[in-house]
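Below is one structure. I have some questions about it.
Letters are used for the chains, namely A, B and C, taken in the order the chains are written, and counting of residues starts over at 1 for each.
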Amino acid sequence: MTTSLAEKTAVIADAAPPQPSRGRDRGRKGRNRREEGPLAGRIASNVFLWGYAIVAIWPLLLMVSNALRTQQQIATEPLGLPIPLNFTSFQEAWVTASFETYFINSVVVTVGSVLLSTVVSVMAAYAFARTRSRFFHGIEALFLSGLMLPVHLAILPLFFMLDQLRMTSNIFSLILVYGALGIPFSTFVLAVFFRQLPLELEEAARLDGAGPFRAFWSVMLPLVRPALATVIVFRFVPIWNDFFYPLILMRDRDSYTLPVGLTRFFGEYSTDWPQLFAGLTIATIPLVIVFLLATKQIISGLTSGMSK
Amino acid sequence: MAIALPPRRPRLIRTASHAGVHMRFGSTLVFVLPALLLFAVLILYPMLAALSYSFFGWQGTNRDGFVGFGNYITLLTREPYASELWGGFSHNILLFIGAFIFQNSLGLGIATLLHKRKRSKRFFQTIFALPYLVSPMVIGYLWSLMLSPLFGPVNAILRGVGLEGLALPWLGDPTLAIWVVVFVTAWQWLGFPILLYGAAIAGIPEEISEAVSLDGASAFQRFRYVTLPLLTPSIGIITVLTFIGSMEAMAIPFALGGSSGSPAGATDVMMLLFYRTAFESGNPNSVGISSALATVLFIFILAISVGITRVIRRAERKLY
Amino acid sequence: MKKRTLMLAAGLSASALALAGCAPGDAGSDAGGDSTTLKVWSWQAASSPDWERIFDVYEDANPGITVEFEGFQATEYNQLLSTGLAGRDGPDVAMIRAYGGAQGPIQAGQLTPIDDVVDGLDLFEPTVLQAAQGREDGVTYGVPFAYQTMHMFYNKDIFDENDLEEPKTWDEFIQLQDDLLAAEITPMALGAREEWVLPMFHDLIGSARYGGSEFGAQVQAGTTDFTNPDYVASLELVQQMQQYFDPNVSAIAVADATLQFTAGQAAQWPGGSFDLKVFQDSAPDTEWGVYQVPPAPGSVLSEAVTPSYADGSFGINAASEKQEPATDLLNWMTTVEFGQLVGDELKQFSPLAGVSYSDPLMQEMNDLYLANPSPYLLLVDFRYGDPTGTAVLGPDIQAMFLGQKTPEQLAADLQAGISTWFTPGS
């Protein structure tokens, strides 16, 4: 999904009634006491959590493990371990099955569109936070509405437009589309942030003679860095995963991104199981890396809608 | 709310004394223009155009005359659209119900248990969230391999533990296949409600819970009269999100059953129907009909989301 | 905030009507130049390397022309092709499904008529060429590239190890299956999860039983229909065969079944000539054989028949800016050189006369076909409307395998589905 649902939370959460304020420091103490519950309960809770952890992670581990085995091993022993490790499938998928191309396209599209939407959004968000014009508040509301709309359904006019401009099968058009799709979420998060920044610093800069551009560039931008990180991480995941836009807008194999490349790959190499698993793994690894690097951002970002 | 809140400071009252910080119309426009252009051209225009397309007849990609609600009538009454629309729609609803049940039982349960953890909390959160972050396309294909009747590990395990009878043709039997899609979707989605519920529970003031405990309330009573009412807004939000997600589902059904929702349309959903209709060759009016479908879907999603929000608000008032 | 957003959305929706639909206008043409790249699309993804070798020959003979071959998943191809033909950067040349399958793009005006620009169309049998013609206008839109024949493939090694032989009669055929079962070998591998496989299997097992082309002619004339007892009996044969598959056959995709067969886990493969190459490539050390299923008791035809069909053709995207080089390519496709390459590289049968097959198994298959051909009825004659014959029978056979429908119901469903658009005698 291009506008990830996590992003939509942010906005809907805003519309929800406020919750009673929490007493965090006092809460800590209480929690410690509760953790010493009855032994049976603790065991049951452990069994339950570990049980579901296995359900959640096992298919992904299996994917990696089978990518490192041979066809013969998978056919005869579906549950065996990858001993010895066999990396040939990765090599084959990477080179012969064009995963190299798909991968590079995915990286270019994801990085490019995240940059694009972040740059235009941070500017717009700053303006929204500092304007008093009803016109611009209207535009802000318009952007916001983009979070709720099922934008996928507008694919036909978009396709015709890009087709007329001869921009189908051109990953630049994906960058533009995803860049535009990121605007609602990014401006929303950044505008909220800008509004909460103290005005004094900026005011001081302005009194020193800096125009709105200087003030934005040298004073505000450094302050807004944490929010930028959130925005970047949050846009990265849905763009990397999306298959809908490239499915329709990209027709050339050379312009495929990973999720669409996968659909082709599954037709072409359908009998080569290790390679299929290797392809899936290649498509997943960058996400896992991003996730592990930015666990804190993701978890706190996902949940920030709740911790009002 | 805020994401990564900046250090809190006493809120400034924005009076005239800060007027120097506000921007004039011209400079504001410069800041907003790039985003506005992108948004207008690539989102707003296509959305409005899609709506207008649905009221015209089409000859391939050339617009014919105005047909009013003609395309809508075709969509709702003519075969195969009518039955495919209904089939796809009912599967979308099943996806929603499945995810709803999973997240409010398993998801809520896990979130409650995790709340009491201190050291292992982040570890479990990370593991539970992983499937949610992986591409639905990858998830779908992965499960299609896992459920393969001949070489798939799922049936191998079932046979291994003596449950031969349960080693079923998961993706071959229409009555089973849709449940596989429902399960896989719910499985992938669950990480998100776990995190959200976790945060909501963490936000419940400890002293309320304690006070009620001291009054001699049982664990169930505590849940029913303290946790549940305070969680209702979160449940509402997640329900709306789950609903939107279920209606827009495409990648997992596509990976498991292809664009026609095999077997026998059992895994068809509305986005797939839209995809098939939009470029259907042989039907010159495919643009008109698919745009009508898009509009119907759009209105439906909007209306139900608003409806769910209303119901939850009412429930909230009752529970408090 | 929310209320305002909603109001805004409502206002915008109201103004949407005023917006004119912007659709692509005419295409500018900037074709030509020294080098031209032709994009060729196909549903034969698995044989992409073979197709690429074929087009390499053309590229060598025509400097400046590059053929970019793209193989797609067969089950997704129709959808992708209609998406591709709708836009401007679709294929220049595309594989078009045969007979009824070609009518969609033809009616949508997405293909270039080729009668006047491609020579050598008269080299094709009229029945074959018909596969690439418009039903209504009789105009030709594609050059047929192959015909497919259906056979029972078997693993010779398994047969030898178990002292089994090709069956000559129905009783021998059944005995063979039972012997394999007794030896704990899955007799047949079938990708029954994919609907298109099943009507083919039905024709392979039951064509002689219902009467092949004779029956087809009677349906066309209106003297009988699909509820005919002979046709029902042919569907009963399919049901009878279910015991010889893996118990979960309805969940097995073609790829899984292929693996099952080539890995020696199943003895036979009821399939088409297009499968041969896959088997030879994935298990080069195994020796394969073919036979035709003998006629079942009560069969209308007394001999085993080989069901067959024209597979598809290459047509030109009407929106392509490279009409001329595309036409040249199609002209090449009517030469024996191309036909021979199809036979050698793809191991498929070319509809062009004068092509010889060096592979003895292919030669045997072709001989079987020439001795007793029979049209794959539902594909050849009953794809001209919606629902197509195969679109009804495929899912219905799946339902029968799952015990949800009887052969009588299948025949009735088929007749009812066809009747929505087919009137006999027309």
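One rule holds in what follows: contacts are C-beta pairs under 8 Å (C-beta built on N, C-alpha and C of every residue); 3 or more make two chains touch, one makes a residue touch a chain.
The structure presented is a predicted model; accordingly, all values stated were derived computationally and were not measured.
Greatest Cα centroid separation from chain C: this falls to A. Among the chain pairings, A-B comes first (most C-beta pairs in contact). Between chain B and chain C the centroid-to-centroid distance comes to 37 Å (mean Cα coordinates, whole Å). If you average the CA atoms of chain A and of chain B, the two centres end up 15 Å from each other. With each centre defined as the average position of its C-alpha atoms, the distance from chain A to chain C rounds to 41 Å.
Multi-chain contact residues of chain A (touching two or more other chains) are listed as 14-15, 75, 142, 148-149, 157, 160-161, 248, 263, 266, 273. The residues of chain C that reach two or more other chains are 9, 21-24, 75-76, 83, 253, 259, 265, listed in rising order.
Counting partner chains per residue, chain B has residues 44-45, 49, 53, 61, 151, 275, 278, 287, 302 touching two or more of them. By the touch criterion given at the top, residues 44-45, 48-49, 51-53, 55-56, 60-63, 80, 147-151, 155, 167-174, 258-260, 262-265, 275-276, 278-284, 287, 302, 306 of chain B touch chain C in their complex.
By the touch criterion given at the top, residues 1-6, 9, 12, 14, 18, 20-23, 25, 27-28, 31-32, 34-36, 38-39, 41-47, 49-50, 53, 61, 106, 109-110, 113-118, 120, 122, 124-131, 133-138, 141-143, 145-146, 151-153, 156-157, 160, 187, 190-192, 195-196, 198-200, 202-210, 230, 233-234, 236-237, 240-241, 244-245, 247-248, 250-251, 254-255, 271, 274-275, 278, 287, 290-291, 294-295, 297-298, 301-302, 305, 309, 313, 316 of chain B touch chain A in their complex. For chain C in complex with chain B, the residues that touch the partner chain are 6, 9, 12-13, 15-24, 75-76, 79, 81-83, 85-86, 103-105, 107-110, 192-195, 246, 248-253, 256-257, 259-260, 265, 386-387, 395, 398-399, 402. The part of chain A that touches chain C in the complex is made up of residues 14-15, 71, 75, 138, 141-142, 144-145, 148-149, 157, 159-161, 163-164, 166, 168-169, 248, 251-253, 263-264, 266-268, 270-271, 273.
Every residue of chain C that touches chain A in the complex is listed here, in rising order: 1-2, 4-5, 8-9, 21-25, 39, 45-46, 48, 70-76, 83-84, 87-90, 253-255, 258-259, 262-263, 265, 278, 282.
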